[in-house]
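Note that the chains are named A, B, C, D, E and F in the order they appear, and that numbering of residues resets to 1 at the start of each chain.
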């Protein structure tokens, strides 16, 4: 007994140098950010980037009950990146896998540098990132949304972290890889940065790049971050005014 | 290679309206309750109902070490419903499954209303229900036995909760469904109640019933509870006298 | 589709009464013990016995954070016996299995009698035994190495526990069973003892032995322990001098 | 041992809510048999073969349905499988914690599952691919993202909507081969509809669709699962105080009208 | 890290029990080589293919055996499997907790398993159905319901009785088909019997069948698994103090008679 | 929720290490671009089909590789699998605890895995046995036994060495049969080499191969995975302070030379 699956329509690659979805190499996918979308959370944000649908809730600063990780002189920033079982083509089993554990860790490290944690000793700020629908680049989109949720929660920060990836797909350095480009492409460089100073708080590289290509991708990702940063600000203004 | 299993003798259904085991529609299976059957537990009871063999142990009121669930002004009543691996036809893997988690929760809610929890702040009363052999209706039988074990432990209660199910099998509303009636029948309505006031502390319905059928089943279950309640009292009297 | 595996060269049995590896019945496999092999641990030891490669680290006496097991008048000696995934022919899944849980328990009981635990109330001494390569007799070799690591850590002890197995293989009572003798042989008797008094702190027997054979195996294991005890002392002297 | 985290509500708040109810009113101004505003967005998740986002007041659940080919249960070899799972995400409430489902989450998914299954909403026999060997399993995942009371009714409404929205690929058997055709997506074989109405007993009264504020002080909870024709398909009592038969029959009566009202959202 | 919960016994109680033993007596009046009352109810669980309820004094264990068809281990392809599992139920003692088996529970089931397996009580080769592919696996579950000391001897006695009580369906191969006939139940191929005698070293003396009171204060524990013919098939030392070779040989000697006594319960 | 245990370092120690670095020195006297002493013992575990023990300073890791026949992933049916797992053994540091891998351990194994995989060190397509059905899975286990800083570089160096040391049995298909010949062991199809250089940003400077002392006070960490030809195959930033583009490009530049130096150990 053989199970045959007929092919579905996936938007596949195109001619060399062109992007499958027709974007320019430095073009972001359609982006939408909304702040304050949940009732119970202290802060929240909803973000769509291409087909990504991401929801972030922030609780805190609040009392920390786990003594083992309590810091006497500052708050702990904890992140939980989680994919809904229905967010991907093949249902994901609920609960953390190794990938989400790593992303949670680096997301926390990406956001920590801007938060005035020392104002809240012995407490915690909890950031819950839910990927309702995944379409490539969820870790960056999650960090971008988390910043907006932190701002919505009124957590004091010296800058609003923004995140974006660039990479190499179809032999070209391009911005904001789609799911298909991420999977079929040569390399992916997700970054997070402080837009005011340009300093980098998250940096990974996955795939093969010459140092020159890497630098080009890095510069492109920084450019993308700046555009997204404007949208973050608009979302906050839309909710709270100038 | 095909594995063929020849059929075993299961006592199957019969003519319309008749019960497979020949009982009248308002007839309970043979019932036996004994109090005080374990040495270490503060209170205990053993119950047989049809092929069900159920053992309950009660510990407490005793100190509660889990601060997270401690109540400053009353005791917590915790129940653990557990099936022995050998209690069912196909061996059950040890440990709680979703069914037993739900039954533990509603059993705790069924017993809580009669216990004077406010007499024991910051402490716990633990009820352990072990299904040694399952034959349909274990949740009700477990609650009935748990009441006797609580009484045996000397836990102060304003009434002794009793539990029984009625349902629809073979197109008829019947009392105390057997395992086979539960599986093959149309609906099952387990209840628990306070015999003195007739108030209901557990109520579920699983399967399709018109509101009229439901009311009939509910009334029948109440009737069954009253009979079982007498047996509970006899078990206590057998152990402690009048 | 059938998977056929051609046989590998395993050193198999030989003529009756002879040992597969040519050893005399009271002969140990080549033994090497080294103390103080790790930087971070308070004490450590490395042991090779035949193909066994075993590393032990000791931490403590140190503060015990788990209140549930804290002893008001003495330290707790905790052991963790663990096999590396690559230590055996078929990769072992990481994490404790039932075998390692049992060995951890009896190892702790084997070492406890000689340690002056009452000198360190409310604290713990942690012994971590890692089997990097397993070749039969790992529990005994682990205990022997653990003693050296405890001495290296400066934990006060009234004697240095030593451990060895004897057993019956190929119809003969022999010392220090190899992996193959352990698997194919008739019985295995691992012991641990205090060399000064000859008292036994670990004793198991696995397989069929007449009482007379058992006594012979026990005596042989004691003999083996005495030889190994000398090597333990040499390892300590090599590190600290006389 | 299953443990229920109990939120401690000051007696004074409880009393005040009780008094309002005794005066025939509710804290948010609703009538006893009035639901909060309901919104239903069907097909919210494109990657899921069926989905819905449901809001009842501020309570918000995203439901996704995903079909998967699996092995039938040995005792029902020719029947597909519906698996319902729920996560009370820590995002949804300060009292929810990460980790495996606790007893509240298990109860929610089991009651939702019973309500869908006992009412035979899906003709599961049509989900067999090769009888005895391969069947469609429908995984229904309830993602609780904002918790403001009455999860049961939202979960069942969202699940019903997601299942009605679900499409699976057509399968056919050609000799020994099974062909699964992702280009021909067909709707799930829906043969009935069931929804749930939940009531709180507060201050001696029975009120529908309890808000979180009401849930925190209720004496007892009763949920009625009902099919389009008024048949009861599921029922679940909760809470640590008893209810009477009269309470139950009253709740059933109200459910008859309210189920019809709720069904409108599915059109 | 495996941890042993240690009950703290006041020194004064320990001393008092030691003194009684030194005077040649035991707290419950038994002789050093005397078991508490033993009762064995065979076939207690009808749903299990084999079962027994065993009591030694107030210690009480229910043992159930269930056969299941499974795949043999790759290194013993033609041999059935015996799997022994035990649960120290929180019902049995205020010191037992819910959750996965702790080290005491693991030791109990592993020692019981070794005692049954090394003595070749079951002819496991007769449990092969299709050599290399399908064998009978016998799951032996020890349900500890009341703990008053000496679980080992009760566990082995109950296991032996349950296995002797176990019936499995007859199987036959017809060409490619395996027929499993639940109407012809045959006993397990029992080819030997083994039991266990456990001793406590208290106050320098060796006493059999320690009660909980004695277990709490013992220096060391030694369990001897023995077959009908007096062959030793298993041994396990426990406790945090040493024993001597003399203690062990003495225990073996007593076990020869006591094993015969215990065997009477199996008739 | 993933939690990072943070060791609390007195500010004064941090400041002192910062000052030393600002003066162009390091606490252990090394140059900014100087590794500690490296030793590599290849084939340390005979039972593993490939293995290595690597030391960088006092940091010590044992790596073992074991091939196993398994089923390929559905989306890459003709390709073998590399599975990397690491255990931060409680033996290696007083701050490591027993239990399932924490987030540090997961990060270590995932970064190592990416570095090996993205650089296509192994020609995984050659590990297919029966395309679509059976492939070789290579399990790479990193056993961290002594932790004195810079686990990343040690893990990647040890993994690369273990893979180069790994031999698997030859397989051949004869009709429907697969023959696996353990008498003909062939090396893994290694087609490239990749290593990793890790830098700490301390007191504004970038230093290679941070010791534990330096790790405890670093502002940021950046690891560069590089192939023999200077191509970047992986990168991972860590730490709770930011870095600049200049820092990154400087680290890449140094890595070009240092990767070549490290490659010498593989010869």
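The criterion applied here is as follows: a contact is a pair of C-beta atoms (placed from the backbone, for glycine too) under 8 Å apart; a residue touches a chain by one contact, two chains touch by 3 or more.
These figures come from a predicted structure and were not determined experimentally.
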Minimum number of chain-to-chain contact steps, chain A to chain F: 1
Chain at maximum distance from chain F, centres defined as averaged CA atoms: B
Recurring contact interface, reference A-F, options C-E, C-F or B-E [over half identical by residue number]: C-E
Centroid-based (C-alpha) most distant chain relative to chain C: D
Mean-CA-position distance for chain C and chain A (Å): 50
Computed distance of Cα centres, chain E from chain A, in Å: 56
Separation of chain B from chain D, taking each centre as the mean of its C-alpha atoms, in whole Å: 26
Approximate Å spacing (C-alpha centroids) for the pair chain D, chain E: 47
Sequence positions of chain C contacting 2 or more other chains: 68, 80, 126
Two or more partner chains touched - positions in chain D: 1, 90, 98
Chain D-facing residues of chain B, complex: 66, 68-69, 71-72, 76, 78-80, 96, 98-99, 101-102, 104-106, 108-109, 112-113, 126, 187, 189, 193-194, 197-211, 214-215, 218, 222
Residue ranges of chain F in contact with chain C within the complex: 44-48, 51, 58, 60, 62, 64-66, 68-69, 85, 87, 89-94, 98, 100, 130, 133-134, 139, 141, 143, 145-148, 176-183
Touch list for chain B against partner chain E, complex: 1-9, 38-41, 51, 53, 55-57, 59, 62, 80, 82, 84-91, 94-95, 126, 128, 130, 132-135
Of all residues in chain D, those that touch chain B in their complex: 1-6, 8, 101, 103-104, 106-107, 109-110, 114, 118-119, 222, 225, 227, 230-245, 248-249, 252-253, 256
